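So, here's a batch of structures to check.
In what comes next, subunit A is part of two complexes: it sits with subunit B in the first one and with subunit C in the second one.
Showing the complex of A and B:
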C-alpha cells in the first residue's frame, strides 16, 4: 500500500492543457476524491496514475517510486471504469481472475505467479466480499447494472493493489442504488485499508465518502481538504459556488469598518461580519452566505421574494437581493410574512458570512 | 374448449382482421418473393431440371436421361478433379486472407496522424474490379515486365497458388474494412481495463480482441469461403484454366461445359457445387458458432 504524489504535473493534449501544474499528495490508505465539473481534468489526472496517459511535465510518484516511465501493466494499481469495462465473453469468475493470471504476487515472501487453487481462493474471497458468490458462472450480459458494478469492484480488489482508481463508478446506477453503494464503498475502504482515488463530478459523493476532497477546475487544483473544511472555508469563489446544494449565495458588497468591527453593505442594508483582518474600509468584496445560514428577520438586507418551494422538511425562498438571485433555505419555517411579491429582510450570523476578493476570487479572512 | 370451438367462438371481425393481415403480409413479402423467385429459385429449379437432359452440340434438341447423368457426373473424374482444385484454392485463400486482413487491421487500428491514408490504401482493392485487379496482377508477376520475376502462372504446380495470391490480395480490402470495423466496435475502456489488469499486447489480442472479434471472423470465414468456391474471373483472366488444367476449378469447368454445349453435364456440376457450398457454409456456421461470442457488455 502506498500514497500517490503529483509534483507539478502537467498534461497537454496538443494545445489543450488538461491538467495544469498540479501538486497533490495523496496519503497512504486515504480515500481521496477528485471533484470538479465535466472537463476539468479529473479523469486525465486519474489516468496518468493508471499509466493510461503519459505525463507531459512534472513528476508522478506511487509510494516512493517515480512512475512517469513505468508502463500501465507494470503499475500496482487497479481501476474501476465508468462503463465497468468487463470482458463480455468471460464469466464473472474469469473476469475477476484475469488480473491474477497476468501478474506475479508476493506469497509468503516469495514473488511468483499464483497457482490455480490459490487463484480460485482469491476469486472466491473477492466474490464473497462483494456478494457475487452466486453469480460467478454468469456472463456480464446476464447481470444488472449494479451487479456489473460489483464485478468491476471485485476485479479490482482481487489484486490487493497499492492503489484503487475509480472514475465515476456510480454514474450508471439509479439514485437508490447509488446511495446504497456509496455506503458500501466506504465500508469496503475501511475493510481493505487501501488508498482509493475516486473521480466524480457529484459533490454528494465527494462529501459523503471522502477523507479529503481535491476540487479541480480548468485543469487546476482549487482546494484540498476534508469535506467539512472545504464546505466551511471554501478557498475561492469557485469552490464556494461548486460545493453545497443549493449553492452558496454570492452578492457584491462594500466593507465598512468602524470601531474594530466590520460590516458589509449589501443593497440598502448592512450585515455584521465580526472582526476581520484582511479587509479595509471601502473595499469592494463578494459576500458569500450559504442558503441555510440566511434567515428572514426584522432587520438586515432587503430581499424581494419571488417564489417559495415547499419540500416538506424545509422550504426554499427564492429572492432578489440588490438585483442578484438569492436562496434562503429555511429548515424551521416559523410565522413570517414571506410571500411571493413581498419584501422581507434577511440576516446572517457574522461567522457565517464569507468574503471573497472580486478580482482574484480568493477568500478573505 | 377444443381448438376448433375456440376458433368458432371468435367473432367475425377477428377473422376479417386475420384475412386482412394475411393480405398485408403477402404484400410486404411480394418484392422479395419476386426478386428471389426470378433470380434465385427459378434458375436453381431450371438447372436442376436441365441436369436431367443431354443436349446435342448445337443445343437444338435435348434428350431425357434422368438421374443417370447426376450419378455419372458427380462420381466422375472431372468433377472430383474440379472439386479437389476448388478445395485447394479455398484452403490457399481463406485462412491466409483472414490472417493477413486481421494483421493489417490491427496494425492500422491506432490513433496516429495520417492513419486514414493507410486505411484508404489498404481498403482500395474493394473499389477495384476483379478484372482490373487481375490484369494488374498479371503484369506484376509477368516474367519479362513484372516486378516479381516468377513464372508461377505457367507452372502447373504453382499456377493455382499464383491465382490464389492474387485473390488473397483482391479480397484483402474487404477483409481489412470489416475487421477494422469490428476492432473499432470494441470499447476503448475494455482495452484499457486489459492493460490495467496487466495484459501484454499479445495476451490482450488473444484473450480479449480475438474473442470479441469472433462474430466478425465467422462472417468473414463464410463469405470468403463462398467467394473462393465461386471464383471465376481471376482464373479466366490469369490462367484460363491452365496450364494443363491445373487451375480448372468447378466453376471454371461448369463454364467450359456450358461453352462446349454440354449444358446438362454443366448443370449437374452446378447443382453439385451449389449443394457443397451450401453445406460447407452451413457446417462452418454450426461448428464455429458455438465458439462465437455475440454478447455485449453494455446495458
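Showing the complex of A and C:
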C-alpha cells in the first residue's frame, strides 16, 4: 500500500495548462476525492498518476518512488473508468482475469506470473466480494450498467494494487443505484484498506465518501480538507459557491467596526458578524451565508421575495438582496413567513457569516 | 425477469390509476394502423424477392446452359429451363479442363495474397491508428493515394520487375505485388479508431503491450471488419485475370480464371462445358462467403463502454 505525492506537478497540452503547479499529498489508505467542475484538471491529474499522461513539470511519487518516467503498465495501480472499459468479447471471468495473466506478482517472496489455479482463486474472491459469482460466464453486453460497474471494480481489486484510481465511476448509473454503490464503495474501501483516489464533479459523492476532498478549478488546487471542514470553512469564493446545494449565497457588502464588533452593511441593512480580526472599518467584502443559515426575521437585510419552492420537508425562498439573488432554505415550511412579490427581512447568526476578499476571493477570518 | 413481449402483447394501461375509468385492452386486430403496417411489410418482402430474382437470374441461366445439351438448347430457342439435361457435365468439365490443377494454383495464390493482405493491413492499420511517429498523416495520405492507381498504371513496371527477378510462372510472381493493400489498411484503421480510448487505456493499465493489445483486444473487437476485408481480399485475388495473364507463360501455371476462356474456346461445340467450368470456378468463393457470413456480425462492441 502507498500514498501518492504531487510535488509542484504541472501538465501542459500545448499552450493549455491543464494542471498548474499542483502539490498534494495523498496518504496511504486514504479515500481522497478530487472534486471540481468539468475541465478543472482533476481527470488529468488522475491520468498522470495512472501513467496515461506524462508529467510536464514537477515530481509525482507513488510511495517513495518517483514515477514520472515509469510506464503505465509498470505502475502498481488499477483504474476504474467512467465508461467501465470492459473487453466486450470476453466473459466476466476473462475480463477480471486479464491483469492476472499479463503481470507478475509477489507470491511468497517470489515474483512470478500466477498459475491457473491461483488466478482462478483470485477471480473467485473478487467475484465474491462484488457479488458477481453467478455472472462469471456472461459477456458485458448481457449485463446491466450496475453489474458492468462491478465487473470493472472486480478487475481493479483482483490485482490488489497499491493505489486505486476511479474516474467518475458512478456517473453512468441511475440515481438509486448511484446512492447504493456509494455506500458499497465506502465498505469496499474499509475492507481493502488501500489508497483510493476518486475523481468526480458530484459534490454529494465527494461529501459522502471522502476522507479528504481536494477541490480543483482551472488546473489549480483550491482547498484540501475533510468534507466537513471544506463545507464549514471554504478557503475562497469558488469553493464556497461550488460546495453545497443550494450553493452559498454571496453578496457584496462593506465592513463597519463599532466597539470591537464588526457589522457588514448589505443594501439597506446590517449583518452582525461578531469580532473579526482580518477586516477594518470601510473594507469592501463579499459576504457568504449558506441558505440554511439565513432566516426570515423581524430585522436584518431587506429581501424581495421572487419565488418559493416547496419541497415537502423544506422551502426554498428565492429573493433579491441589494440586486443579488439569494436563497433562504426554510426548514420550517409550516410557517408562512413570506409570499412572492413581498419584502421580508433576512438575518443570520454572526458565526455563520463568511467573509471573502473581493479582489483575491480568499477567505477572511 | 419478465417474459419478453412483442408489440402485440402491449396492453394500454389507464393513465390515471384509481380514477376508475379503465379503457379496454386493445387486441392487435383492433389497433389502428396494424393493417397498413402489414401491407407495408408485404410490400417490402415483394420488393426484396423481386430484387433477389434479378440478382439470381444470370446465375440460374448459367446453370441452365451448363446442364442443357448445347444443340438441343439452341434449337429449343434458349428457354430459361434446362433442355435435355446432361448431369455429368460437371465431372466432364473438371476432367477435360484439368481444373483440379488450375483450382489448386488459384487457391495457393489466393490464400497467400489474402493472408498477407490481412496481416499487413492489420499491422499497418494499428500503426496508423495508435502509434505516434513523424509524418504519420503524410504517410497515411501517401498510402491512400495508391488506392487511386488502377492496376493498369503499374502493370508494365511490375511485370518488368517480376521478369527481372525471374519470378515469371511462380507463386512469388503471382502474389508479390498484392501482399499489402491500402484499402484493407484504411478499412481496418477505421475500425481501430472506433475502439474507445478508455478501452485502450484499460488495456495499457492491465499490462498489455502493443502486440498484446492488438491480438487480445483490437483484433477481436474489430473482427467483423477484418472478416469483411478477408472476404473482399479473397474475392479480388481469386478473380484476378490481368496480372496472372501478364506473368504466366506456361500452361502448367494457369490459374482458373486464365484457364476458363481457353477451355471454353477449345470446346466451342460443347459450350455447356465452359459454363460448367465457370460454375465450378465460382464455388470456392461461394464457400468463403458462406463461411465468413457468420463472422460478419455487427455490434460486437456492445457492452464495452456505456453509451
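Rule of thumb we're sticking to: the second predicted complex is superposed on the first by the 360 of 365 C-alpha atoms of A that agree within 3 Å, B and C clash if a C-alpha of one lies under 4 Å from a C-alpha of the other, contacts with A are read in each partner's own complex, and residues count from 1 in each chain.
Everything below uses one rule, namely that a residue touches a chain if its C-beta (ideal position, glycine included) is under 8 Å from a C-beta of that chain, and two chains touch if they have at least 3 such contacts.
Note that the structure is a prediction, hence the values are computed from the model and not measured.
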Clash or fit (per the criteria above) of subunit B with subunit C on subunit A: clash
First, second, both or neither for A:284, with subunit B first and subunit C second: neither
Touched partner set for A:204, first subunit B, second subunit C, both or neither: neither
Which of subunit B and subunit C A:16 touches, first, second, both or neither: neither
Partner chain(s) touched by A:297 [first = subunit B, second = subunit C, both, neither]: neither
Partner chain(s) touched by A:307 [first = subunit B, second = subunit C, both, neither]: neither
Touched partner set for A:232, first subunit B, second subunit C, both or neither: neither
Contact residues of subunit A, present in both the subunit B and the subunit C interface: 50-52, 72-73, 77-79, 81-89, 98-99, 102-103, 139-141, 145, 148, 155, 172
Touching residues on subunit A, where the partner in the complex is subunit B: 50-52, 72-74, 77-79, 81-89, 98-99, 102-103, 139-141, 145, 148, 155, 172
Touch list for subunit B against partner subunit A, complex: 187, 189-190, 192-200, 203, 207-208, 211-212, 214, 293, 295-299
Touching residues (chain side subunit C, partner subunit A) in the complex: 196, 198-199, 201-209, 212, 216-217, 220-221, 223, 299-307
Interfacial residue positions of subunit A with respect to subunit C in the complex: 47, 50-52, 72-73, 77-79, 81-89, 98-99, 102-103, 139-143, 145, 148, 155, 172
